[in-house]
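Chain lettering (A, B, C and D) follows the sequence in which the chains are written, and residue indices restart at 1 in each chain.
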């Protein structure tokens, strides 16, 4: 077995193990619930990432492969119309069987079959790489979703123990200027990227400046204290409607206890730290903050152009001003895999960067994350930009 | 310790154990989910019946009692406004912690404290008897609710193994006639009864006849085959609206597979047995069937008057034509316990008899079960009556 | 032509004219809107009462009758399944054509055809009498519904000018006691009655007392000031849910302006007069008030037994404690007319008496009005009763 | 008075009159209803366009001006938060008073005051021009909205008589190729434009081709007959959800009668003409059609670059692939007028061109119309584009 392949097997094992490590602190009960239609049970994530390899690699390509349980094709399909019917997304939390233990058996069965397959068959290497990146996306989703699930429990239970963190001294934000001009963006080189990151293409940028670090909780508190959630003038119309119909008055997970703002974290409730990057805001809140500050959000091509020098990138996903649309020349791949990204290019906004829950090695300057502008449960923050003219 | 008290302790232990036996076949995952707002997780039933004793007996009456967990007062209150705020009912399935094991610990702790208390203090005996009857009601609810939860799983998993049942030869229904006149109904004698069963009072009945057994699945199939779910003429207006907006075309849990009707049971999917009593119909379906048959549903005073001679009583709860209202002279007891029954006397119908999931010794001829007329997940069936004139 | 028939024609003309008089103060715009699904446009009431005579008398019985417009059979059917499909109730306010003028033409056409028919054909006299009583019910509905429609206009426009009313001195309520026993209730004699008022039948009443007049606004204000809308202890569970989810804090149409309660009337906004009967309360509010007062609502058989001596009857419909169910021995008439009353016998409560908007001559001691317990837009008030024992 | 101002007054009179001409064929009833929350009553459009001049010109700038009715400030504000509270949009159809006649009085009063003002005061000329363009937008909305309102009437009444149209011979579509490169788009010159059309700015285009005419009904029928509405592969995920949850199977207003497709028009129901441009499709349907055809929708900068040579432009608004976002360097104007366009830049798509209901002289190559991607009641059609590489 050549070393390159051994590295591939190691990577496969490592990614698969990492998913299970993330689930390990959770009880069978924790892994079962679905706290809102957009979120999924941990157990479902564990099964669906396994379903991906079973459906796209083992069933069509591994001769003699016997599916672990034929019913799982239906149960753990997320949204692939081309694969066939599927269990309705809002009903994922109703599936008590298979239980957490059985899902682990499913994982072991498929991981074993995959390792067998990969030792002698390299035809699917690209697909496997996609599956591993897919699984890494779900590793982040596991943390996003379980955070939400635990947050609706009035006991505010913790996923993990708190770790002591250095106290930071808040600092004024520095800005960096860019001349713009005709630039190239998008993935074009070697190495893995999702289809929606390409093709690499030219685009025109006017001169702009971009903040060197994301907006902090302290800065966001100033916006709140200046009536940010009560003054329509800062908000997009659809955002203002959210503020009023959903009663937004702070980022998601913030609670005011006896006059002091706290935030629910994976380690339970903590006081808000003004020096940390603000997180769990929607694109609407990000845009309102920017307008209040007299700035704007960066466009994604600006962000990508500046990516090399930005600081704090990777703490929170950074909302951009760019709707999630196809790059010039983009075509979905044929078949079910073509449903991975392309069909979601409507009414969503691009986020860039990565966050503390993103697996190591999973981010790139060209990476395009996307969510609807009212979504708050992913780890979304704010970076400011402005025109230079 | 007097023998009577020993019997009391034995009964306390027996009822408490029975609840745990009902939960024993269920995994932690099974016990966590809430498949619709009207249903509750098994785990919640186990905790709430324990909360009842802690809240109404131990906290106010057992000197030096330390609650197992102060947060449970909020978490496991069902609907007692006088006790204080409570976790919203539709959110019961979001509580993953305490888990099933911790809820059992809660049960053991409270059962122990109760047994201590009951050996030396008899002041609360009436309240304890209410608590045991309350727990028996929840034993039936556990089965109703888990049946629904398992039914929404496309795998149709079973709660328990099927037991072989004798094949019955369908028989024509016999009828019994009653002269009516001025009768007395309601609980008036010794022994436990819920407040809503009294006071015993006089009422006038015209002459009537009542069927000796409940309607069978075979008879109900004849209604279905005669267009029962497509002919508005048989239906109350609100029932017809349910048929159309919810797509009713058979009792709950019935599925047509390749032209043959099957029914989901606690032992999984089984062919419909025409000789068994039809079950899981709403009051609307019961009334429509009766109208199709040229009969009517019995009033609850008729049912109670005839109770001594009825056959098949106890298989399925039998919908009556009587809305659930207070008997003449009824007064709720003072305090939180007064919320047990009285405040639900609106827009519900009375069912009589008991069903296969009802704990032994929990039914009486005066027992008044009640549900909204569109409810189908409890074990509701049909008995016919008619006027004699 | 015999005098009796002349009287019949006069009555027909008079009822038909009265309906048009009620609509006369309203603009075409007023007559078009539907302010909630339960209410209907004035224009629809004018057309539907006409449809009744066209559908049930002229089409089947008047030889050579040509319908005014064949499309109206669909457009103006209210709820008669046996007649065929119909325009959805919540969409009645979307029908701008035929307009108000065309609907008057429709009325004139059908009234003319009916008068022709009635002069020479007496076969349908019973049906015609039903149609006239039906039209009188809609006369009251026109006022109920337009009151609601005008109330949602922030200008609070008036249907008619206010008339000066005598100032009344509030008086303590007197009570009358009844022995009860075996009584007869329900319509059994001569003269018109709806099918649901019969058959006359025996029922048993325990001794009771009943208030001689309805509850006044002043008395209801005392309930409000004593926290009536904030104290769960007075409320049925479903009522308390309404209080909270709909934000009830006073009867419908009451507005607090600068600390003083006002009420929207058909003559616009007026100060609440404490000596008048409270109106536009739901059955839930009526029951909560009664519980607060330490009394209860009368059962409908009690009300009917006492009807001869009650004062203030006819000002507001009086909620009873009785759900709307069939009397013993009740059978719907055959055919579409059988849908008039019987199919609504579910989840509604009986009101007795009549109100200021009820046409003269349209009430009887046996009259059973019915509405869901949360309905407030009809003219519903409160009379108290209590047990004597 | 200089001629230029006389022309201004003539234009003011002409635009105002045109609005009233559009309403003239409609009855008071027609003008009152609101058939869905997105649409508004004709009467409301007539009043709101008047409110615009009263609120932004007369109240602040015409000394001594007395508002026609102070309540109208609240009643006819559309969405300007800075102006103050307003009547809820979904309740616009509940306002029967002021009636249609009174709204015309309001119009005459304000038109008169404006003409007085404009003869001697030129300070507001820019604002007045905005008001006239605003009123022209509402002229199109009047037709869009009344078409929808009449369409929900099962009688399918016509707004105007049908005019005979030439029968066209369907022709194959021609394509025009563009080299792309660094282009300038957006409004930058003289003459009126909305704020969202600027600033003029550079952008990069890859080479593309664009169809010379919009897609016809005949071409769209081919898509339908090829299973367009049943094959998920053509659809964006959010579009496929619409197809299924709303039951889309043809453009809005299409009805299949006895196997032949008809379309509801402002002149009533007509057979679908295969040679006409398809209309009343959503952006989702436009994108699905394009994918089925192996093409794509044009980006708005492509459309604008090609605008000079396109044929058929102005028949139907043409969906682009571009989300509605701010151009580089865009800033809302200060004050309430700043709410005109900017705050809607979220989750909407740009349409270009204009349609048969657009007032003459109201379109420009830089004009950016915008609607949510699921909207179908405006006159939206399809033009195809493709990459050249």
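What to note about this one:
FYI, contacts are C-beta pairs under 8 Å (C-beta built on N, C-alpha and C of every residue); 3 or more make two chains touch, one makes a residue touch a chain.
Owing to the predicted nature of the structure, the values given are computational and were not obtained by experimental measurement.
The set of chains in contact with chain B as well as chain D comprises A, C. Touch-path distance (fewest steps) from chain A to chain D is 1. Centre-to-centre spacing of chain A and chain B amounts to 45 Å, using the average Cα coordinate of each chain. Inter-chain spacing, taken between the CA centroids of chain A and chain C, is 58 Å. Mean C-alpha position of chain B lies 37 Å from that of chain C. Contact between chains, using the touch rule, shows up for A-B, A-D, B-C, C-D. Touching chain B in their complex are the following residues of chain A: 27-33, 35, 43, 71, 74-75, 87, 91, 93-97, 99-100, 149-150, 152-155, 157. Within the complex, the chain A residues that touch chain D are 79, 81-82, 182, 201-204, 206, 232-233, 235-240, 283-284, 321-323, 325-326, 328-329, 343-347, 372-373, 387, 389.
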